[in-house]
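Shared chain: subunit A. Partners: subunit B in the first complex, subunit C in the second.
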Partner chain A sequence: MHNLQTITALGGKTPRIDVFDHITIIENDSVALASVTARMGREAGCYKVLQKLLGVVPETGRAVLHNTETGFYMGLDQWMLTAPRVSHELIADQLKKLFGDNASVTEQSGAWVCLDIIGRAMPDMCERLCAVPVRQMVAGDVQRTVIHKMGCFVIRCMANDQLRILGPRSTAATLHHALMTAATSTA
Partner chain B sequence: MIINHPLLGQRDSSEFTYLGDAKLIERPDPDSETATHDFYKYAYLRDNPAGWHKELWFHEAGDRSWLVVTRNTLTHEISKVEMARDVAREKGRRR
Partner chain C sequence: MIQKNRLEGGQIDTATLLKFKFDGKSYVGHEGDTLASALLANGVRLMGRSFKYHRPRGVLSAGSEEPNALVQLRSGARQEPNTRATTAELFDGLVAKSQNRFGSLRFDAMAINDRFSNFLTAGFYYKTFMWPKTFWEKVYEPIIRKAAGLGSLSLLDDPDVYDKGFLYCNLLIIGAGPAGLMAALTAGRSGANVILADEDFTFGGRLNSETFSIGDDSSAVWAAEAVAELSSFPNVRLMVRTTIIGAFDHGIYGAVERVSDHVAIPDAGKPRQIMWRIYTQRTVLAAGAIERPIAFENNDRPGIMLGSAIRTYANRFAVAVDKSVAIFTNNDDGHRTAADLHAKGLKIAAVVDVRANAPLSMDFEVLQGQVINTKGRLGLTFVDVKLSDGTIRTLDIGALGMSGGWNPNVHMTCHQRGRPRWNESLAAFVPGDTLPNGMIVAGAANGDMSTAGALHGGAQAARVVLGLKGSMPKLPTAEDAPIRLTPFWYVEGCSRAWLDQQNDVTVKDVKLSHQEGFRSVEHLKRYTTLGMSTDQGKTSNMGGLAIMAELAGKTIPEVGTTIFRPPYTPTAIGALAGRNRGQDFHPKRLTPSHKWALEQGAVFVEVGNWMRAQWFQKDGETHWRESVDREVLATRSSVGVCDVTTLGKVDVQGMDAANFLNKIYCNGFAKLAVGKTRYGLMLREDGIALDDGTAGRLANDHFIVTTTTANALPVYRHMEFVRQCLFPDMDVQLISTTEAWAQYAIAGPNSRNLLEKIIDQDVSNGAFPFMSCANITICNGLRARLFRISFSGELAFEIAVPTAYGDALIRKIMEAGAEFDVTPYGTEALGVMRIEKGHATGNELNGTTSALNLGMERMVSEAKDSIGSILSRRKGMNRADALFQMGVKPLDLSDDVPAGSHLMNADGPVDAAHDQGYVTSACYSPNLGHAIGLAFIKNGSNRIGEKMRLVSPLTGVDVAVEIVSPHFIDPQGERLRA
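For the complex of A and B:
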């Protein structure tokens, strides 16, 4: 019997947390992700399931921060749905049963790293990292952008000083390094 | 240069990748009798206008949408930005 130990996106046995006076960077490995794309001609059916899951269909550039499942806009008729990993490890299979032929569902948990930035210097840090108008964004606003050449989603969370960044998991360490550099420069 | 994305609003052109003439949407019918000549024209022959030009742009660092941008190649003025999907559907494309 193999004795396998799962590791986080940054390679640790437990999620990495970096605490500064002005900012905290948390590797969040408790999020399961799946993308949902409405199939041509089946959009109405897809919207119906999204509405049932999230309350509303996430509008352009918006996230729905709902109880268990949350979701945000990725592109035209495309959304990313998220849920706690502990209860939704097989999120894509679970969603596919709900959406049926109305949407294509793709597992994304293994493709992204989730990094939460919390603290008073969050807007300053965000401005150093990417060209997103973070001070104009309100809770639930989401933008896809580029951080150090890596395509990332930037989500403004409910807490006023919190930002969530979803970046490519394969370059998680590079993205984390960029965040650490920005955190140091805003100290 | 700023591109006024139909869904996301004004975005910097550095977020986009230029993909050339929007006539690429009009892919010839491969079953046509003149398919060989049509595909030769489609693949190799391009207009290079000094003035208004319809172009395909890909929002690579954004929502990954394809746009048809009407741009003046002399002044870089942009008069119209449309979702490529809508343009293709107007031309009768269903896939």
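For the complex of A and C:
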């Protein structure tokens, strides 16, 4: 077993948490991700595995949210699947075994920073960040958007006051700064 | 401090006293005041100077249409020029200054312009400054620039922050007057998601300025109750202090919310303003109407204002502009103003009505006639009235209200090239048939000028746009007076009757424009500057059009209007910029080793959005060259490590992955063996080089493509285009993994020795030869990828791990390499080594170069079809004297080789016609001990050994150089295959 230690996207040994009265911003470092894209002519086989994994194939603009595993729509016949990193460090390998030649699977765990926004001011804050109809979204809605020039996914979580933002890992500090200024702005 | 013109009543909080300063003098006002109302309450009518003639000016209006009362608000870095006193909400400690004056407001030296007004008529620039020609740039323009403009900028950084935001709704209602409120009540009660926005700090619009009743309440009370009900709806968002500035495509509206403009300093971290982008399905435009003035001789003196404004100041702000007032009108609304002022106890000297059938009053005198002149240097004192019988009567007054009729606010209906249509009974333009998608207009903006009409229009508009069923709700009773108006635009025979008070355009200027042939309304606008000021002619354009129509013998609709464009009112640049300023202008991308590099004292350079270590400065190094030379020498003599995560990485999978790469690269990839990497060159459709990089085959159906850092995005976009549009029948899946993997180049003769200490597989030359690639593990089990490729020309590897382990890996590499004195190197050393090796990069792949230019023409396979291969064979791109990438070194080894310099024959002229090529990249080579360069040279491959001149006439470069092979180091490639 190797002894290399990870650092979080924000550069810490442990995830960063910022607490305001009205909002909490949590760096979620516990998510493993892999993209799954159906191969040409093998779509049915891909859907079948997705259904088995998630219960349903996530439709356009939708995520399937379970306690541990989730999956959301990224593009035509393309999804991002997530699972706890502690149990799915090798998520891409694990998924590839399940999908076989029905899908192309690519590890994405290192590619994203995951920031959870929780609190009563979540909609106010989201309105200052991106062009997403957060007040009309229901749990499981997901939208690809741009936050301060950074391509992100915004996922409306099960709790009414919770939003998940996935952004490019290399820009984690900038994205976090944008969230912090929005949080201050809406305080 | 006595507010000598303050009346009883109004909608101000007299219990709250607010202190403020104007031009250094202290005054008091109340909460609910604007700066204009507070100044008027204190007897201040003179608030500014006009743009061109520096004529004394006071307020004309009580709203955002104000052309005259522009002030510099606040001080220091927060100083904001050209702020309308009529919309600036009073707050305690407000500081304002008059602007556009040389000297004091009362004694403005530039007022001398007024004496020369005959020379400064419309178009005087074009006539006056024609000669001598050289004077324009050096004399005239500097003087004009100095004299022009209104307020001034502080030239300090704006200390405030501005947000951008995004809102969504079913229905956006623009304007919270009677129509807007009624529309909002109707929509809000139906459950629709509604946004109601108004630029004022109090909802109600004209309802706050009038004295009539709605139902059993006063109009202002009804408005307040409506707002209270709307506030109780969770589905209704009320946005005061919010101006909708533009109607854009697809139901998108721009809105500026002035969050903190009514306080001295915004709370820490809070925005001063928010620029909202509102996405709406439907829109009700209930923006009301603006009263228009009448042009007559000297109609611009402080104290002369719109009749409706005088009424607003009296009814809403409890301010008498003066105790003695007259009204000049062509419609019944002027009489309403007089009646309201009379009821407030003010003296109505007379109502001057141009109509023969004007209504009479028991309370004040009504004269049939016209105002033909006014007096009063810094404020109105007298007006001369020419009565219908020809006699002249002088009125001793301090305020004159002008009521020329009302113009519906059609601005927003025209932002997408819609044209308004003429309404004869109003003598005004009303919204036309081509409205922005989803918009409906209600109330005065639609020409419904009565309160009852506005209430009905608002309710009906909401019902229509939301498709509400059932009968119309019962509406409260309200004023429903008909419009009785005789169009009247200007008094004949005037020499100085002002149309556009902000830009000092007179009736005479419009006539001159017509006389000189500028007869199109667009030409009129530009020749006279009518309507080009910050108010965009809201109070002036109609007068100009009417005069143009009369002169041209046309009707006003035949003359037409100019184009209405966003923004509706002046908008701060800060609001447009939002948070995108300074350090936050663009995102910063940090490499996985960033934290470690900071610890090492790295000097960073921006490469696109990436922050890359440029070099690592050691103690005692005083010049960047010392650091870079050390890094290069250490790498070539032992081992160096460089973070190359920034290179674009694209995961290419699918059964047709190899065929796909065969299409996008000009060289062959179909037969690349699993476990092998190949250098590839991508061409554009036109045969020009797009990018280069490598592709490693991890499995039959799985490749990793790398791109240059700069082209990561364009190449990915290109690949997606090819996949989706050119070869949609291929089974290929692409996804970027640039962010997913931390990648380090380990280069130098000891690179293998170092790697062997951390990786779990055999990387000997036999097991892992040059251009190998593999999925491996390191440090007893961490998944990784290894590529044996070399940019430096040394024995080199690139190792990649999931990004989260990037920090750990660089530390591990440094620890394992300590015995070899492993040296981190930055982009400068990277650049030096690739120039020494003769490898092309962005400098050479500059959008003009072909494979031939790069010396790679043989890579363009003729055995297959690939993008750009056909056009790369064009004759023009294969000339005998085509540019060829070569090396350049100075004959005198102490000379520099500046990049960008051009090559000329050793003997012969130095000019563009004899240009032989140019240096694309250059550096000092610490290995060779002198400067070197890569250059594109005509017929370069046949000119090795030729002596040439390297010149840059602009910078004085003139260096004798020799053409050499571009491979300065290890031309046979023995090191990288070691």
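Note that the second predicted complex is superposed on the first by the 180 of 187 C-alpha atoms of A that agree within 3 Å, B and C clash if a C-alpha of one lies under 4 Å from a C-alpha of the other, contacts with A are read in each partner's own complex, and residues count from 1 in each chain.
The rule is simple: a contact is a pair of C-beta atoms (placed from the backbone, for glycine too) under 8 Å apart; a residue touches a chain by one contact, two chains touch by 3 or more.
What you see is a predicted model; the values in this text were computed from it and never measured.
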Subunit B versus subunit C as contact partner of A:131, first or second or both or neither: both
Partner chain(s) touched by A:52 [first = subunit B, second = subunit C, both, neither]: neither
Partner chain in contact with A:97 - subunit B first, subunit C second, else both or neither: neither
Touched partner set for A:177, first subunit B, second subunit C, both or neither: second
Contacts of A:151 with subunit B and subunit C, given as first, second, both or neither: first
Which partner reaches more residues of subunit A (counting touched residues only), subunit B or subunit C: C
Touching partner for A:107 - first (subunit B), second (subunit C), both, neither: second
Residues of subunit A contacting subunit B in one complex and subunit C in the other: 40, 131
Contact footprint of subunit A on subunit B as seen in their complex: 7-8, 12, 15, 60-65, 83, 85, 94-95
Interfacial residue positions of subunit C with respect to subunit A in the complex: 161, 163-168, 193, 268-271, 274, 277, 279, 579-580, 584, 586-591, 594-595, 609-610, 645, 651, 653-656, 701-702, 729-731, 733, 735-742, 777-783, 801-809, 812
Residues of subunit A defined as touching subunit C within the complex: 1-9, 11, 35, 37, 39-41, 78, 90, 101, 104, 106-112, 127-128, 130-133, 135-136, 148-150, 168-175, 177-178, 181-182, 184-185, 187
Subunit B-touching residues of subunit A, taken from the complex the two chains share: 40, 60-61, 73-76, 131, 143-146, 151
